[in-house]
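Two complexes are shown next, each including chain A; its partner changes from chain B in the first to chain C in the second.
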Partner chain A sequence: MHSVLGDRKAIVILLGPALLVYSLVMLAPVLWSLGLTLFDGNALFGFDYVGFHNLATLAHDPQILSSLGFTVKYAVVITVGQVLLGYLLSLLYVFALRRASGIVRTLVFFPVVLPTVAVALMFQQMFAIAPRDGLVNELLHVFGVASVDWFGSPDTAFWVIVVMDVWRSMGFYAVLLYAGLVDIPEGILESARLDGANGWRLVRHIVLPLSLPVLLSAVIFSINGTLKVFDSVLALTGGGPGESTTPLTLYMFQTAFTYGDYGYGSTIALVLTMLSLGVTLLVFRSSRNDITEVER
Partner chain B sequence: MSAPAPTSVDLVRTTATAPAPTPAGPPPRIPRFLRRLPVRVLVAVLLVIEIYPLVWLVLGSFKTQNEFLTEPSWALPSRITFDNYVVAWTEGDVSSYIRNSLLATAPALAFIIVFGVAAGFALEVLVWRGRNKVLLAFLVGIMVPGQMILLPLFTAYFKVGLAGTLWPLIITYTAIGLPLTVFMMATYFRAVPREVFEAAALDGASVLRSFWTIGFPMVRNAVLTVALVQFFFIWNDLLIALTFITGRDLRTIQVGLLTFSGEFGQTAYGPLFAAICINVFGTLLLYLFLNQQVMKGLTAGSVKG
Partner chain C sequence: MDNRRVRRSRRLLPATAALATAAVVLTGCAGGGSGGNGGNEGAESFGLLINDDNQIVQDALTTLSEGDCSAENGELGLEIETIPQSGLDQQLQLLGGQDALPAQFAASGSPVVTKELDDAGQTLDLEQALTDLGELDNLQPAAISTIKNLYGGLIVLPYQFNIEGVWYNKQLFADNGIEVPTTWSEFVDASATLDAAGVTPLSASGEQGWPITRLISGYLYRELGPDALQKVADGEAKLTDPEYVAAAQAIADLGAAGYFGEGVGSIDYDTAVAQFLTGKAGMFYMGSWTLGAFNDPEQNQIGEDDIGFFPLPEVEGGAGSADQIPANVGLPIAVSANAYDDKVGAWLSCIAENYGATSLGDQGTVSGFTVNDDVSDVPPLTELVQDTIAGTTESTLWFEALFGAKATTTSQQNAAPLVTGAISAEEFMAKVQADLDSQ
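What follows is the complex of A and B.
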């Protein structure tokens, strides 16, 4: 019986195509990209071996520091924003709306499926100042505040990105965390209520400790995703004003394709990968769900 | 999402606190209504924040250029006309962007599903040495940022002569989609009792036959979920399309939309709003009908971040 389920020919037929495509188009390019960090040049004009010159360049490139700083700042702020708001929403679903939460969950989730470019262009128009004010500046006028040039300064541009991405993703994290909250046995909550824990005290002492594992996974997923931010920033601010909102991903893209420097582009990609890999190790260490099962 | 099964903790607690007194009867009507009021207001504000921008977008797509420049942006359009949509669809090339997106997405999706489900089956149901290592190798791919493979692939596609076609997109989407698909399918196959396949093997079914007639049908719903997840990743992708598509005539909808405003000189608001709407409505329609599967799938695929 096991000899049938261990049929070598069948394994090759079923696994072969996926493994072949994956190895050729993912694994091999990763190694090739590692090799590229030792070269200068690009696909059109050829490559020159430069050894560790690209790595040395990293050390005194002010833009890499600024991009790394933006990437980390973005990842931390967005993660706090979307996990915190997502958690508050999931508490709202479970404890205030209960059975009626289905439609609200579905509606708040929906911006997640919208194309990032479309959402970014929409936010560009909402936060516009010229040639006419967008929705947000019009709202400010109602309170007697003058129009703000949102994309004109690094700080306000950063916060527009934050508002947009949190608007998009909080419904997603709410559903993710909702699944964790629903798993808390009703009996525990019931006996805590009988012991007099209600409202804030119930959340603080019973619900929060019990949902820590799923919160932790959410934080790690979020950091892992936000470190790779590309579409929303490119479509919303284009990295500007200046280079102030340029994450590593965009800096790599510009270095490689605008300036034709594949070697240094690969080096930046490597920095990004190491950063993601660090977070990935965290995933393996601390998440208790399916991922660790795979390790068996 | 099924109802939580009673756990041992549950049982212990309920027996410890048995006989649990049932909560007192419903509180008086008006206080209850007032008590619910803050929650209702909160939910209303929440829904306005999430939904109104989209309503605003749709209203904008009906406005004339003159309305955009002279009226406040929250004003209603003077009349409902689809002129802006026609302009976006024809002069704005949105029709060709959508066609390119479909031509790249459909084959990639087909490859991902066929290869991914088969691989998930081979890695979870079939018994052989080293399968866990292979699964782990696929898992690593979920975490690799796209930037790490762009440059070698660009060089390779250029050398092989695939540049200038949609094939670079189809191939790259397939490769990037496979790790998560294999991982998710392996998880779904794990839930199918092994006895099913062992019985089939005893009855003399070959592995390929039991994959096709038993395995695949049993995870059909999971396949739909995985396909939806991958559809959204591919359809909404910007990085890959922006890298491998250099010619104007092969642009996908996301790349096309990114350059849309520029070509109209940043002033043709109506067609821009209409083009954004066209882009949004495809995914919105899918979500309207399949929202439960989409929510389930996307949260299950959250490892990808």
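What follows is the complex of A and C.
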């Protein structure tokens, strides 16, 4: 084995094709997109070099702030929602349901495998007000509350998106965190119980610290997914009402492909990249801090 | 395996890997180009890429392909592909960028984009082509003039020739003692009366947005005259000027009073049509392309005799008049310059000669083609539209006709928030003007 890995030719042969494909399908488009930020135009009508004009436009674009705000708000709320509910579910699986959790885990996980568009159509119907009231408004009527136009105002539309996406994804995080929880040695839990730690104290002082690494992974997974939200918003609200629920991804897509401005679309992509880079650095820094603390 | 063979296979490995990678990459590249017409090689089929809500053109062309144009269809088969209107522009760019546009395509709801497609050499000069085919006489001069005004040249086919105005339910008007309104105040009063009677006064699709923004442009033309939006396009006026904001405010007021009904932002085009045709709404601002639905007894439950039409009423003291009626040729359908060949030319000849009669006779809709066969039993509403077109001396455009793609989207996306009160009239006009300024 050593002789193979010591051979430079073998390294080139083993890594070369993968590196080439990765470069072609990942690095080249990323650099291409970066280059496009200096141009104006699209594939159909040709490109004009405009220097840093697109970046200057960015500074005066009110929509970019609104989209950035929505993206961050969405990422924070959904991450908290799906990781918290996922964690509570996993605690339920491990400590309350134990061996009988199989059927509940399957049921809660089921929405994860459903196509996003199908889920969005279902939620559209559930929260509908026109042409007829959906399930939610009918329920409100039972309690004597008038119908709410859920997709008519930015706030209510945002919360419908949150409910849908948390419902759709909490099963995944529940299973992920469940895998972390079952790894906690039974002996530690047993000795803690003997020491009188039960219920909340057991979770707070034993389970939570021991499941912190997998929780951190879940948060990274979640932020990574939520910053790139696209399909669920497009299918549920189309970015509306107005542009109030338009994340950066959707704004980028519209700018490049609907308005035919690849250059400015790439500039928005750059903003999203910088945001993701910032969050990644933040996450890795905080995880490094944790490790240092453990070492002390 | 001896050493020599091992060395040889080691030498061959990089080459094999490189070949395999190149094959993968090439396969990936080739995938995007398949199915296109490529260059000037003519068309493989008489394709039509069209927005899915335009049933009229699809049905009329299908009828022709099975009847008058069956010979042409045998040579080059009609193939219809539909797409939601919201996805049309990006599909055009994608296909246009690869020279893969089908023989006919709906060329964007924004005339600016249609003109850009023409500048990029994607659309066929139909004046030249139809002259060469000896078919230009089969287009009505009024339709040619409307197309040239909008697109700078005859680059789209007049499959539709529409006017717009308010369709109303005669029975509901009579039951509630409402006269056909001639002024904006009477229009608002009629809406209030219908609302008090428990009927949705105005059926409109906020999901589409444009049925609402057309009320804004209608008000603007009545208030400021038919050149109101041309001045905005020319930079002589801004949508944020008080007199322009007043128009958006007038429509916002209709929404604030609840005259569009509940959840207007969720109502799609078909639901809006159904609301009117099932008697749940008293009035419906729409173009005459809806005649297909009005003349269909299955959809029209109130009966065609109970539908009346009036142009958007005049604004008291305004510079415009109710004789100025919005006219257009629908979402325009262009012919691909790359796909044009003799077979497509044969289809165009057949369409020019027969489309007018098919559209009028089978669909009951008015097109910009001359009607060369005797068409009996023209539905009364279609006759009404024909008469209105004949009597129109000055036509106007829709709200976004002179806007770019971004301002058009912003305007249509924010129409529902405007009438639900989520944004103010000032904010609405400022958003659209900001996009016009950045154009």
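To be clear about the criterion, the second predicted complex is superposed on the first by the 256 of 296 C-alpha atoms of A that agree within 3 Å, B and C clash if a C-alpha of one lies under 4 Å from a C-alpha of the other, contacts with A are read in each partner's own complex, and residues count from 1 in each chain.
Operating definition for what follows: a residue touches a chain if its C-beta (ideal position, glycine included) is under 8 Å from a C-beta of that chain, and two chains touch if they have at least 3 such contacts.
Nothing here was measured: the structure is a model prediction, and the numbers come from that model.
Participant: Quick check for you: in the superposed arrangement, does A:Trp167 touch first (chain B), second (chain C), both or neither?
Facilitator: A:Trp167 sits against chain B, while chain C stays out of touch.
Participant: Using the superposition on chain A described above, determine whether A:Trp32 touches chain B (first), chain C (second), both, or neither.
Facilitator: After superposition on chain A, A:Trp32 lies in contact with chain B alone.
Participant: Which of the two partners, first being chain B and second being chain C, lies in contact with A:Met122: first, second, both, or neither?
Facilitator: In the superposed model, A:Met122 contacts chain B only, not chain C.
Participant: After lining up the shared chain so the two structures overlap, which partner does A:Leu234 touch, if you call chain B first and chain C second: first, second, both or neither?
Facilitator: After superposition on chain A, A:Leu234 lies in contact with chain B alone.
Participant: Applying the document's definition of touch, where does A:Gly242 land relative to chain B and chain C: first, second, both, or neither?
Facilitator: Second partner only, chain C.
Participant: More residues of chain A in touch with chain C or with chain B?
Facilitator: B
Participant: Looking at A:Ser147, would you say it contacts chain B, chain C, both, or neither? Reply first, second, both or neither.
Facilitator: A:Ser147 contacts chain C only, not chain B.
Participant: With both complexes overlaid on chain A, does A:Thr258 touch chain B (first), chain C (second), both or neither?
Facilitator: Once the two structures are laid over each other on A, A:Thr258 reaches chain C alone.
Participant: Please work out whether A:Asp40 is in contact with chain B alone, chain C alone, both, or neither, and reply first, second, both or neither.
Facilitator: Neither chain B nor chain C is touched by A:Asp40.
Participant: Take the contacts of chain A with chain B and those with chain C, and give the residues found in both.
Facilitator: Residues common to the chain A contacts of chain C and of chain B are 13, 17, 21, 24, 43-44, 131, 257, listed in rising order.
Participant: Provide the residue numbers of chain B that touch chain A in the complex, in ascending order.
Facilitator: 1, 4, 6-7, 9-11, 13-14, 16-17, 20-21, 39, 42-43, 46-47, 49-51, 53-54, 56-57, 60, 68-69, 72-74, 111, 114-116, 118-119, 121-123, 125-128, 132, 134-139, 141, 143-156, 158-159, 171-172, 174-176, 178-179, 182-183, 186-187, 190, 197-198, 201-202, 206-208, 211, 232, 235-239, 242-243, 253-254, 257-258, 261, 267, 269, 272-273, 276, 279-280, 283-284, 286-287, 291-292, 294-295, 298-299, 302-305
Participant: If we count contacts the way the header does, which residues on chain C are in touch with chain A in the complex?
Facilitator: Listed in rising order, the residues are 10, 13-14, 17-18, 20-21, 24-25, 86, 89-90, 92-94, 96-97, 113, 116-117, 119-120, 122, 261-267, 271, 274-275, 404-406, 409-410, 413-414, 416-417, 420, 422-423, 431, 434, 438.
Participant: State the interface residues of chain A toward chain B in the complex, per the touch definition above.
Facilitator: 1-2, 4-8, 10-11, 13-15, 17-19, 21-22, 24-30, 32-33, 36, 43-44, 89, 92, 96-97, 104-118, 121-123, 125-126, 131-135, 138, 167, 171-172, 175-176, 179, 182-188, 190-191, 194, 218, 221-228, 230-231, 234-235, 248-249, 252-253, 256-257, 262, 265-266, 268-270, 272-273, 276-277, 279-280, 283, 290-291, 293-296
Participant: For a test of understanding, state which residues of chain A touch chain C in their complex under the given definition.
Facilitator: That would be residues 9, 12-13, 16-17, 20-21, 24, 42-46, 57, 61-62, 124, 128-131, 147, 149, 151-154, 238-244, 254-255, 257-261 of chain A.
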